Amino acid sequence: MLGNTFGRMFRVTTCGESYGKALAALCDGVPPGLELCDADIQEELDKRRPGQSAIDSPRQETDQVQIFSGMRDGYTTGAPVGMIIYNVDTLPQHVKEYEDAKDLIRPGHAEYTYRIKYGDYVDWCGAGRASGRETAARVAAGAVAKKILAREGIKVVAYVKKLMDIEADVSRLSFDEREQNSLKNEIFCPDLETAEQMIEYTKRVKDEGDTVGGVVEILAVGVPPGLGEPVFDKLSAGLAHALMSIQAVKGCEIGAGFAATMMKGSECNDIPYMKDGKIRFRTNNSGGMDGGISNGEDIIARIAVKPTSTISIAQPTVNMTTMQEADLAAITRRDATICGRICAVAAAMTRITILDHLMMWRGYDAVSGIEHKLGW
Amino acid sequence: MLGNTFGRMFRVTTCGESYGKALAALCDGVPPGLELCDADIQEELDKRRPGQSAIDSPRQETDQVQIFSGMRDGYTTGAPVGMIIYNVDTLPQHVKEYEDAKDLIRPGHAEYTYRIKYGDYVDWCGAGRASGRETAARVAAGAVAKKILAREGIKVVAYVKKLMDIEADVSRLSFDEREQNSLKNEIFCPDLETAEQMIEYTKRVKDEGDTVGGVVEILAVGVPPGLGEPVFDKLSAGLAHALMSIQAVKGCEIGAGFAATMMKGSECNDIPYMKDGKIRFRTNNSGGMDGGISNGEDIIARIAVKPTSTISIAQPTVNMTTMQEADLAAITRRDATICGRICAVAAAMTRITILDHLMMWRGYDAVSGIEHKLGW
Amino acid sequence: MLGNTFGRMFRVTTCGESYGKALAALCDGVPPGLELCDADIQEELDKRRPGQSAIDSPRQETDQVQIFSGMRDGYTTGAPVGMIIYNVDTLPQHVKEYEDAKDLIRPGHAEYTYRIKYGDYVDWCGAGRASGRETAARVAAGAVAKKILAREGIKVVAYVKKLMDIEADVSRLSFDEREQNSLKNEIFCPDLETAEQMIEYTKRVKDEGDTVGGVVEILAVGVPPGLGEPVFDKLSAGLAHALMSIQAVKGCEIGAGFAATMMKGSECNDIPYMKDGKIRFRTNNSGGMDGGISNGEDIIARIAVKPTSTISIAQPTVNMTTMQEADLAAITRRDATICGRICAVAAAMTRITILDHLMMWRGYDAVSGIEHKLGW
Amino acid sequence: MLGNTFGRMFRVTTCGESYGKALAALCDGVPPGLELCDADIQEELDKRRPGQSAIDSPRQETDQVQIFSGMRDGYTTGAPVGMIIYNVDTLPQHVKEYEDAKDLIRPGHAEYTYRIKYGDYVDWCGAGRASGRETAARVAAGAVAKKILAREGIKVVAYVKKLMDIEADVSRLSFDEREQNSLKNEIFCPDLETAEQMIEYTKRVKDEGDTVGGVVEILAVGVPPGLGEPVFDKLSAGLAHALMSIQAVKGCEIGAGFAATMMKGSECNDIPYMKDGKIRFRTNNSGGMDGGISNGEDIIARIAVKPTSTISIAQPTVNMTTMQEADLAAITRRDATICGRICAVAAAMTRITILDHLMMWRGYDAVSGIEHKLGW
């Protein structure tokens, strides 16, 4: 397996599986002098922790994190920050259930592709490394990035914008309202009335044994202009990479996104104007980046989250050992939707990406020595 | 500037600007013994070459490519393949036009973000490195990847699926029909009747001085299961990175994509079954990948292409030197849509990404020594 | 801090400090199906563990490692292998000693450069991340590589070749003898008589309060021809990078190394001949690589290990807070030489490098499809 | 082939072979606003150009370079700088000579390992990509780095320190004297008297049909403290990687290097003291870096250059097609030593490495926000 490291200057490496002993996240590139404690990480982990509501998986994981390196007397030292989360809810009866069904492909899951890739030694328990549990390590790393970005005045929030066809109206909500409101309900939707509808709908679908997906929106404010590298490493490309690497994400768009394909150029172009000595834009169809480089406006991205693959309805499938068609029984331990829990992961990946680009840019910029920054 | 290299095992590096002397692409990781000639590259370059139809930019670039390294007697040697394309249509009057307007932000373009990043020494001519002209080098590199993939039985095509709200029906067309038909018209749409409507509509919009966007679909066939690395380097993430790095692309989706958010789990899950000794899937909402790893089905991606930013209508803007609001005159030398021309670029980036992942997987797999591959 | 990840296909990331809670090593790229247990790692760790002899540091670290990810039922799954080693000998009195002297540069150590780089928040305790303790994580990762390489018939040993001017004669010793003999004494020298002289000399120097360096030789057997990438990523360059990244290493040479500068071309050139259907070389001045690519002969490298910087003799220095010259008292808790303990680290880094190159080559080769391998 | 890109923030990619059409170097990470012209590159290229003296290869290459991207009106724009050098002395008779002998391993060269790796399609002409001709592209890239470093007050020179057992005394020569003197003779030795002995000796060896190697020393002045990343990416490791990637280099050492193994700790430790408000060191056994991070003193490295493998004496060898032993005739078109010409390459690689580390550090440092730098 490759691909367990992300980023060039702020570099995150993770490991751990659903039913392994522990998950870990190592953050390289953390500056010294950052006040940091386990509770800072815990706050973010708690946003994606399972077992907290009727629509989440009933798995009970405390997700207690321990920072074990990179610290001295409560401050980061510049050395890589290592964090470990021991799994606790890995009872033998659950392992047994997975073992009994280990040859069956669960539709929508990765058993088949992992078996192709890793053969019979693949970790068959609870999806192993392919499990959403892996994202706890991402969230831990993102929590470190969050604190560094805070020093730069950069804030990121992710929330459920749409669940099936139920759409939230967030247009009049400030960043802080979006952040605070989304914490007030189990679906992470800042439009509180719509949130209730979403939850009610999700419960109904859950009772049918089924699951539901939706659209999560990510908003980053305070990002200075200049982040993103031309050509292959545009900020848009980096964000898309980061967000599409999250399980269940099937699409990603920036700014107007797919809606831009229904506009003419004269509608889509964001018109610049002067405001408080800076160049700003009257609209934000670009989602805060031109030519893949941040332009000082809010960064807006949205991801398509597919309905959870684990359903409580029997499905036809194939047994990978006998190579015969077979039946997969209904599974009860599951999330009715992961739209809410994925918000913490999407925010984490966005923070990691923005910080990585910020550091790359700063290195380039410090050598360039450009002084005049158009008012910034 | 960073970010001019893409890929880990098949690694492409490019340089060159819209009005510089030349563009170049260097491909590292090319295997030896591949029959290759300038004409192979030219064939792909001709698909994105400007000045070929009424809806394209009238700029006349011959895009003549010369392979200058990595070859001996018509075959690749394993050394990096270097390719150079000299710019020809860089007449002083065009340079003069750009120089006169160099302080003005062209809405939707990258002048502002480049000026922030590179200061007064930025290349103001024809968008410099931010120009779509840069993509000629990507297409050249993709042509090399195309030939290597052909030996593996992997083929990729990209075509216009939707222009504004005009949608093509490609459901009954084979891969070859999609490829051949899309070459028959200037909009690269394989549904020939719809193509005519698209072209007609584009001309009408062009006459208004405006531009139009759309959706390009990418189809890859013959990709074996196993490509894509768990967690951060999923094939989906790699493709999203590659495709979102193309100018004007504002969104990307795999398989059902955003439509998956309107399905329940029981609808969205692709059901596996046995066919000819292999495991296949009855539907392909996953777009050919589970857990971010290819599953043997067709790989399907779509990108949202915004309407060309350059319009032939005057627009308000800001002068970056005076920091005053100003007017930008209508610009006539432009593409009415880039949906057609971008197809060659999208196919190129997809090929590069798939080949890179193929090589990563092969290296891992050869060390793993897994023999049983579920019929593959 | 950057730079805590090494390798492209077999990728090792580490964290942890001398007096932090724990050290960790994450190995990405581990194939599935490898039988692996804590004891496999422990065996290598024990070779560099301190406190085992009169010439080592008296620090008592048990170096108990726990593999916490990437495993199922005793076999690797292909997921990244995470390993953690909790520090135990971090008693308050030792921390206090370091705190009292934290502003003083210990000559030969990295306090000054770390203070420049990380400011006042740097980890001042026991050299923090700069400590040789960091190498325990490298050894853990190298132990994983060792097991993978064993499946390929590749073996690596490192031993003390020379201590000050006392030189071992290993010419008549087989690989196995070099490995077994070097474990028989506390200086890791396979020439047992010379080992005794080395140890005696080291004790004498230790009694003077001083320290001693030497030359460690690394021998890799069973490496097939073909490893190493032309130009920037030659196997020689990769090995030099890996070995020179170890603390206290001031030089590195391959094959005849610096002695080659005293030969004429006609002496230095290794003459090829046929043996058992394969091309072999009569001498091995090249150290097993031509053009930076392995040629099937033994790979031989040597590193220059400087005398341990920590000495039990008072030294003049500078106080970094007062920016005044000052005196550093004699330090008693120290290694009289690290030549012996560094062998395990050098072998680990060599294994990691060879495995990484092996995987890169296999990926390239599998796509190349070259069949005729000159008898290999 | 992989490995044709070097560096993380200042990133150089090259291609081209000995008898291909052209060599190219692409530099990514070049800041905007740098005055640069072909002549700047040419100046460095001329230092390694063949055919300039009695002891060099008689091959006549003008090495005329053309910068074809990344420029506007004589200044860099921040876009990658592309440079191309067309080969000229590739006459059919030389190609024919190589073709006739293409199955024979030339001892000391890379034919065998390339054939293993690239099969029958390998470029057999003039060593192809393995040729020292490849280094022209490195020198071109290094010339760009040189100009950027000059703005930072960093200067690098490389010169021949020792040829066989003839050693230059450079101890009383300033940086400028070393640079200027080394240009005054064909062996690039700043000790002018010794240079004459070296040249005379080389000519004598050449008359015997043989070749000679030596030690090249690299000196970098003006490097601020702080460059180099702890653990795997120490500046020492980066330099070793860069220098050992050059053809014919069999060893590398920093500061006292292998001589440090003959010192006791009390001799080897560099003692810090205060000078002009900064911390400096009384000796420089460390070669300007502690813990792998630059300490503000001169950076000193040395490389072992083996005698040129091409000799004008017949040698036994093997024919790779017949797999029979064979004879290789004397070869006349060759360098009697490459010690002189390699200096430009070693300086180039050192500059690229230092600049890359400078940019990495600046990016990290700008995010860290450490203000107090101990007087720097």
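First chain written, first letter: the chains are A, B, C and D, and each begins at residue 1.
Please note the rule applied: contacts are C-beta pairs under 8 Å (C-beta built on N, C-alpha and C of every residue); 3 or more make two chains touch, one makes a residue touch a chain.
Just so it is clear, the structure is predicted and the values come from calculations on it, not from any experiment.
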Identity of the chain that, by mean CA position, is farthest from chain D: A
Pair of chains joined by more contacts [C-beta pairs], A-C or C-D: C-D
Interchain centroid distance [CA atoms averaged], chain B/chain C, Å: 45
Inter-centroid spacing, chain C versus chain A (mean Cα positions, whole Å): 38
Between chain C and chain D, centroid-to-centroid distance (C-alpha), Å: 26
Shared-contact residues (touching 2 or more other chains) in chain B: 1-5, 9, 14, 29, 32-33, 78-79, 114, 117-120, 129, 230, 360-361, 364-365, 368, 370
Pairwise touch network: line, ring, star, complete, or other: complete
Touch list for chain B against partner chain D, complex: 1-5, 9, 11, 13-17, 20-24, 26, 28-30, 32-33, 66, 68-72, 75-82, 84, 86, 114, 117-125, 128-129
Chain D-touching residues of chain C, taken from the complex the two chains share: 1-6, 14, 105, 107-110, 112-120, 129-130, 134, 162, 164-165, 205, 208-215, 225-226, 228-234, 236-245, 247, 249-258, 260-274, 277, 279, 285-287, 289-295, 304-311, 313, 315-318, 320, 323-325, 360-361, 364-365, 368, 370-376
Parts of chain A lying in touch with chain D, wherever the complex brings them together: 8-9, 29, 31-33, 78-79, 148, 151-152, 230, 355, 358-370
